[in-house]
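Paired with chain B in one complex and with chain C in the other, chain A is shared by the two complexes that follow.
== the complex of A and B ==
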């Protein structure tokens, strides 16, 4: 698989060529808000360099609101209309590499038999993922601390390294070849620059828990859960913005002349998430809810799927209203619960 | 370490030792230099965990309804946080006698996002502190000075109430605003509708605005009710309208404008702008300001003969 160079001034032609073969999905700027993945129209100028905070790509693959089916009654006859999205060849561009790896977690949840989700599958299975490594690492990233990032490369179809005036496009799958058709070959200098950027990504924010098998260290009765729970205000931001959190709710609603069954986001951080019909709530306090999210990511998902549920994208680190810094929590867990500052 | 910080720790220690408070809620050092995190101090030997710096943004009054029902709680509070406390006392959510308030004179606090707007790489920032003429940002490359108008939270740039309204101990002096920002929405209803439609369509319904709000203490929020279902959980523009408009109405005459809702919104909805509009109407029509200790009761819990009939548009 041959790597290529994409000069930034050649991006419009590159996009045009891709759009003739694929539906291209990439982050589009929004006013006063993180960029959001959208299907591109001709002339769109997506943010391909990963330089800005963006909504997670799951918002495209697993929409925040998705109608699953509609039920209609006409003349005594009941009709059920399934709303499975169109399965068409797609390319997602400008996906932060940790977000691309987070899609692996979603794939385990939604594509594995026997519970394959036809809605997710229709959007995902025919979609190539082109990851990006931005020129500047974000302060909140800690990807190399959660996993061996070398193992992430084969899970995407290509990686675009931002080298300033050009992208180095590393092709990491057979089908990824079709993305780089017609692009120039890299020089020795390009390869060296790409390797330098990869090294910076790989070694960025390596924290004390990096070599730990976190799934062996996380304990159900660690006192750190109590501390998080005391300050957590129980909003759902950490999960809603998380690229790998996939929990959803399904609701039925009467809409005019039909009943709509839809799927929308839900989170283990909400009190009613585990509320049973008869009134019992096994996680009625914040402590088990705070514990659940981290145990799920770092322990249960590893046990269940063999992948780590957190890829270190840092959104929750940046956005948590009360500065529950997941990195600090993990440092504490691995240091036998001694307070240990995360900043270098 | 600032002198105020030392005195906060002294007062906290005294309060814990004397029994004036069983626990002190305050700000502790954050995981990074431009953040702080809420801490709950129960032992006098732990008071050194308390900090006072430009990153003390959180309105800690959010913890009071669940904490101060049946125990004595000490709280370190900025003037806006104290207005929240006043509102909570007036609404019978906490008892004044259960509180020990360490009130701070304030000059505003810093939004870390503003540092990024000023082209700082947050990765490089090692310290932020107030100096005589602004904010000193120390980075790996040296020291830089920022003016208050470049770094303060938007809400702080609009704030004129920088003295604590009630307190048991008052520390520090208010710093008068150097430049008061005014903001205004278009007066045209159709333009306002368009503006808010765009803003609300971004909402992902994470409810962070509601959860950080000290005055959103309902045990069951209307947005979570299934019967009756006031608004669906799905994040569609229509349902988001319903959520935000209803929340704004529920907070009319109650919101003290600390701006927490706006600070925490992950998608940049100017939630506090809506609250400001409501406060303006409340002031104009009823001459009432939420969080004012001179008011005896909440606006919606009182009737005065002079009150405007809300169903009757006077214009």
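== the complex of A and C ==
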């Protein structure tokens, strides 16, 4: 698989060529809000260099709000229509590499048999992922501490390394070849620059728990759960912005003569997430809810699928309104409750 | 050349799409519980539909939402499914307002089932409290319909008052082809039977654990007190089975709310042995 160079001034032609073959999905600027993944129209100028915080790519693959079924009851007859989206060849560009790995976690949840999710599958199975490694690492990233990032490479179709005036495009799957068609070959200097950037990504923010098998270290009884539960205001931001959190609710809405059954985001941080009709709630306090989110990512998902549910994208670190820092929590868990300083 | 994408060959059935069914019969069980018998509208689906004792279904009242109920009927009696509904929330309230002939949606069968094949030749002891009898009724009637496969089939069933006992119309059958012991927390003027909680009645009756499987289901407080009674009688953890209840939305291991540790009640359960439950974190 031959790597290529994409000069940044050639991006319009590159996008035009891709869009003639695929539906291209990439982060687009929004006014006063983080960039969001959108299907591109001709002339659009997406953010491909990963330099900005963006809404996670799950928002495209698993929309925040999605109508699953439309039910019409007229004249004594009931008809159900499945609103499964169109299955068409797509390319997602500008996906932070940790977010691309988070899509792997979503794939395990939504594509594994026997219950494949047809809505997710229609958007995902025919979609190539082109990851990006920005020139500057974000302070909140701790990817290399959660997993061996080398193992992430084969899970995407190509990786674009931002080398300033150009991208180094590393092709990591066979079908990824179709993306780089017609691009220039890299020089020795390009390869060295790419390797340097990869090394910076790989070694960025290696925290004390990096070598620990967290799924063996997270314990049911640990004083840290009580501490983060005491701080948490249960806003749910960490799961809404998380690239791998995918829990959802299903509700009915009556729209004139039809009923729309939709799914929308939900989070284990909300009390009614597990509240049963008769009043019993197995996670009725914030402590078990705080524990659930971290145990799910670092232990349960590993037990279920052999993947780690957190890829160190740092969104929850940057955005938590009460500064619950997942990195600090993990340090605490692994250091026998000794607080560890975390670089900011 | 742009290479072609890998071809998708399979068409996926939509696990979120319910089958339409008509409510054929509604039985008033108690002041707050009704049993619904539903028949699938699609004839081919109805003919091919089958399930196992212990599995559950998700019922749609279109415009209100979905709720989870165990299949309380037995697959040995074909052509319909039954579920018992205690009025507690919005969907159950909407179901209670419905009448025979109305249309609902059903996603079924979901979840695992009782390992009844492994229990052939053994005695079965059912101990149920309140609406907890619903999931066990499927297995109980299944085993009674396959009577020669099993030894003694004994049922201890309790409720708060005589008026809270469900399935009274089947008591004769349960006590003829098997043995039925009833108890209530508080009797009334017409009640001549046993008074007391199910765990205490179990202790009094003192069934022998030899070659016996115990199946128990009921409110959490009953489960808490009945497990030590089984242990005192000499039942081991892998001789005791129950079905667990959790809030569910998808029923297929995706929506993320019915987990206990790394197990999902909707796909890894709802049937668990007590030995399996002891391996789970205490969060249910």
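Here are some notes:
In this text, the second predicted complex is superposed on the first by the 343 of 344 C-alpha atoms of A that agree within 3 Å, B and C clash if a C-alpha of one lies under 4 Å from a C-alpha of the other, contacts with A are read in each partner's own complex, and residues count from 1 in each chain.
Here, a residue touches a chain if its C-beta (ideal position, glycine included) is under 8 Å from a C-beta of that chain, and two chains touch if they have at least 3 such contacts.
Just so it is clear, the model here is predicted, and its values are computed rather than measured.
Steric overlap between chain B and chain C is absent once the structures are superposed on chain A; the two fit side by side. Legend: residue contacts after superposition of the two complexes on their common chain; A:64 is shown touching chain B, with no touch to chain C.
Touch criterion not met for A:13: it reaches neither chain B nor chain C. Seen from the Cα centre of chain A, chain B and chain C lie 90° apart once the structures are superposed, a value rounded to the nearest 10. Contacts of A:251 after superposition on the shared chain: both chain B and chain C are touched. Put simply, more of the residues of chain A are touched by C, taking chain B and chain C as the two choices.
By the touch criterion defined above, A:87 lies against chain C but remains apart from chain B after alignment on the C-alpha atoms of chain A. Of the two partner chains placed by superposition, A:199 touches none, neither chain B nor chain C.
When the shared chain is aligned, no partner comes close enough to touch A:148: not chain B, not chain C. In the superposition on chain A, contact of A:115 is made with chain C only, not with chain B. When the two complexes are laid on top of each other via chain A, the two nearest Cα atoms from chain B and chain C are 8 angstrom apart.
Counting contacts as defined above, chain A residues 249, 251, 266 meet chain B in one complex and chain C in the other.
Within the complex formed with chain C, the chain A residues making contact are 21, 68-69, 71, 73, 78, 80, 82, 84, 87, 89, 109-110, 115-119, 121, 125-126, 174-175, 177-178, 181, 220, 246-252, 254, 259, 261, 263, 266, 268, 273-280, 282-283, 288, 292, 295-296, 299-301, 303-304. Taken in their complex, chain C has these residues touching chain A: 1-3, 5-6, 8, 12-18, 20, 60, 62-67, 86, 88-89, 91-92, 103, 105, 220, 245-247, 249-250, 252-262, 267, 281, 283-284. Residue ranges on chain B touching chain A, taken from their complex, read 29-33, 35-40, 58, 62, 121-123, 126, 198, 202, 204-208, 210-212, 224, 232-236, 260, 263-264, 266-270.
Those residues of chain A whose C-beta lies close enough to touch chain B in the complex are 30-34, 55, 64-65, 136-139, 230-231, 233-237, 239-241, 249, 251, 253, 262, 264-267, 270, 272, 317, 319, 321-325, 327-328, 341-343.
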